[in-house]
Amino acid sequence: MPTRLSIAVDLDYGLPEPADVLLQIAAAALPDQWIESEALDVWSDLPLAAVPGEEGIGQRCWSHAVGRFTARYAATLVVDRLVHPLHRLPPTPVRHLPGPVVGYLMPSRYCPSDKLEGFVRAEFAGLSGGALAAALTEWTARSLRYRPSGSTGTTTALDTFASREGVCRDYAHLLVALARAAEIPARCVAAYAPDVTPPDFHAVAELWLDGGWHLVDATGMASPAEIARICVGRDATDIAFMTVFGTAQLIAQRVRVDRLD
Amino acid sequence: MPTRLSIAVDLDYGLPEPADVLLQIAAAALPDQWIESEALDVWSDLPLAAVPGEEGIGQRCWSHAVGRFTARYAATLVVDRLVHPLHRLPPTPVRHLPGPVVGYLMPSRYCPSDKLEGFVRAEFAGLSGGALAAALTEWTARSLRYRPSGSTGTTTALDTFASREGVCRDYAHLLVALARAAEIPARCVAAYAPDVTPPDFHAVAELWLDGGWHLVDATGMASPAEIARICVGRDATDIAFMTVFGTAQLIAQRVRVDRLD
Amino acid sequence: MPTRLSIAVDLDYGLPEPADVLLQIAAAALPDQWIESEALDVWSDLPLAAVPGEEGIGQRCWSHAVGRFTARYAATLVVDRLVHPLHRLPPTPVRHLPGPVVGYLMPSRYCPSDKLEGFVRAEFAGLSGGALAAALTEWTARSLRYRPSGSTGTTTALDTFASREGVCRDYAHLLVALARAAEIPARCVAAYAPDVTPPDFHAVAELWLDGGWHLVDATGMASPAEIARICVGRDATDIAFMTVFGTAQLIAQRVRVDRLD
Amino acid sequence: MPTRLSIAVDLDYGLPEPADVLLQIAAAALPDQWIESEALDVWSDLPLAAVPGEEGIGQRCWSHAVGRFTARYAATLVVDRLVHPLHRLPPTPVRHLPGPVVGYLMPSRYCPSDKLEGFVRAEFAGLSGGALAAALTEWTARSLRYRPSGSTGTTTALDTFASREGVCRDYAHLLVALARAAEIPARCVAAYAPDVTPPDFHAVAELWLDGGWHLVDATGMASPAEIARICVGRDATDIAFMTVFGTAQLIAQRVRVDRLD
């Protein structure tokens, strides 16, 4: 059953020096999530430029500002997605992977999956495909404790594997790293979802199984049927909602996601 | 002036257990390098599958083998490329970068460029665009010592920045990491080139300047006018000539690149 | 000429749960720095225990508290130390090092000197002994920028080597790591010194040359003739002024060091 | 019941350039292990110097050689040690730790225990003292797979925690790191022991419980009653059997440990 969501975002930052700002905050228009209405207002002292996000999903918006940077996004959208129970999905041998998916088998800056191969082999022997993906998800959900101050912007999945705590970004990174270590392509997804507490940009994982990408939220806060993707990428480096090429100070930030009807 | 190259590769590996093997050894067909003739023979006990490489450049070949894995590649190709002196190229503000290039600003597994921003800011202040790229290349070439045993498969650009030694992979990783830290998009390129000593698969960098990618070999062994790309990617994880999903032992490997005419 | 210093420290922390607290804030009594008067008041709900610091230098004070933890230290002391110009000190072959000094050649948690051997070999070839130590100090002082927010409690000397910025802890870590990479034993020293800006616990290095330890402050803020050691160790892990075995929140902290006379 | 051991070691290395060599191969004379007879022959072209090991335990031997370096050690010794079952030992609050033991609570180069605190807290909540130490040992023994090529000289306990495999050094590092994360002082011990397969220098852990150090071999290969310590330290950096300040190539190495009677 489709879900209608209303999204409202306000960003307000101070920029002591002139800086280019890369913004990824608009929900992506995709077959399983369509935009009914949206408005993106970005303060920029030079013309805005919109370019596609990674994999052509979503939109990156380039702007330039000094002193004060504000952006506002409001949208109404419908998520209508068939969610397949992970554990029933059959395994895909890596040699059947399409070209654009292969890169999501590889370790990345915050998902050094090469380090975790031994653990995955030892702990999840005998499992494959969806059953393995479900076991990795369940393991991540059970092993981590959600703690807002439990990580920083440079925390890697290996750090989280040892510290056993973090925020949505860390859950997504660890699940993605474990999946890649298990030879399941995995990417990180920035998203909007209702019930995220505290309300904020959310990060989840997407696992490639049975010929398609499947959304998974290891924090358990969001249901895959209600997640609206903003963009995808190898890890947090690709999907940050804002990347400032210079220095910025947070003044205020608000994200609100509501179910309509 | 165009260069004609003859390439011959023989790979011979032992696979104690059945394994999927991903091969990237065919030279890519591109506007500035075209294939006159080629033959790729891969031993596989299951049907081969060819899929595009990263960015649609080159070809990844999936195979499956057990006991013994051999592959042979022979090609004649022509490289005809206008090489622009780096230092003359004007700077591009990041906000003018096209979508598919943005990801090459980001840190990756072996190019943690976020760690090197301070060094770049301190050492190369005042430079931008091609002058900055040329300075980073010159610095890398001058600061590193080529030493075959000076690194391993898990050496990062940060390790190399401190150890000041390595092989072509390390030169490419460090230059790529420095360039990204300097807000210049950069990717790693697997390549064939004459005069590489000892003859082997080669790794170089590609920097995005003035609206296009520019080949740079910080080892100084290969001239950009004579480099034939195999594939591109964020770092060595994407451009490995062979990735075995299992265990493999080297039996023999030979790479030969000759200038014709 | 001796320097008389007056030291006043106030620590005030909140401890949400009962915790053991290890304190190292008393200046050490040593041949080149003697205590005229001192008072250490530590709030503890269990008996205090004083044990020697690393190398028997200074004092560690164990306490236990819950809710609120406060400590106050006041002292008057005289530093009377002959400071030898580093660059004149002759080299000592490592095989002449006494037993207790050997460990200070080894890499430690925040001083992974093994990673920096290549850089030291490449950059400082031909130097040894005090000339080498002076060159490493001068290089560190020149290459780093003092920036309070430029590091965190988990920043390593390798991070600082790349970021080129930090606080006194980072200057000390990097100099210590470089010295060890250069086969010069080096340790970290927590200290009081006048003119440190902002006034705070200070961290400096001690290098073993010509049969003795020599104080070096790569930040240039403190003169070796005026530094009063609190304790020594392999790196910040050994010389922290306070280690809480649990959680603590800073309420207030003040360090004041004045020259008397 | 005492165990008599016969030990025979032969080292043979090539030194392309003159180098100082630090050797730690003689069994330590200690109350629970005494030397009946021993002979250490070290080839050195400069006078040998013997200095105490870390904590005054065992002996470091400095030599100097070029071209060829050989050493031979033969000893007969008796180990007579009361082994206390770990799980019965009562906990010691950290505030009761003696001065020289405090440093063994701290993270070190290869035992970054700070990273593992979250895991220990999550997995071993409610345990303390010997029961906790026994649980950590059992967990390490059960979770790791002994694999000779499963690690290198730069593998850290965090790497091993993720790779779940390694050699005796890695077992010792991981157990030591976990113990420190659990606020139990822990050090690494180089040792001789019978039944080590293949016969080699062995590495085990020593945990501080109930006022004393207790030997623990997480590999399960050696019984604490039959282990003869060579030296102790924070991690492998302190207890290496040979540290060459230059380059060395292995020509031959043999370690033999036999039970007598």
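For clarity, chains are labelled A, B, C and D in written order, and residue numbers in each chain start from 1.
Keep this in mind: contacts are C-beta pairs under 8 Å (C-beta built on N, C-alpha and C of every residue); 3 or more make two chains touch, one makes a residue touch a chain.
In UniProt terms the chains read A, B, C, D = Transglutaminase-like domain-containing protein.
What you see is a predicted model; the values in this text were computed from it and never measured.
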Labels of chains that are neighbours to subunit C and to subunit D: none
Copy pair subunit A, subunit D: interface residue numbering same or different (half cut): same
Subunit A and subunit C, separation of their C-alpha mean positions in angstrom: 42
In subunit A, residues with contacts to at least two other chains: none
Pairs of chains, among all present, that meet the touch criterion: A-B, A-D, B-C, C-D
Contacting residues of subunit D [partner subunit C, same complex]: 20, 22, 46, 49, 51-54, 56, 60, 62-64, 93-100, 102-103, 106-109, 112, 114, 154, 183, 233-234, 237-238, 245
Contact set on subunit C toward subunit B in their complex: 115-119, 121-123, 143, 145, 150, 158-159, 161-165
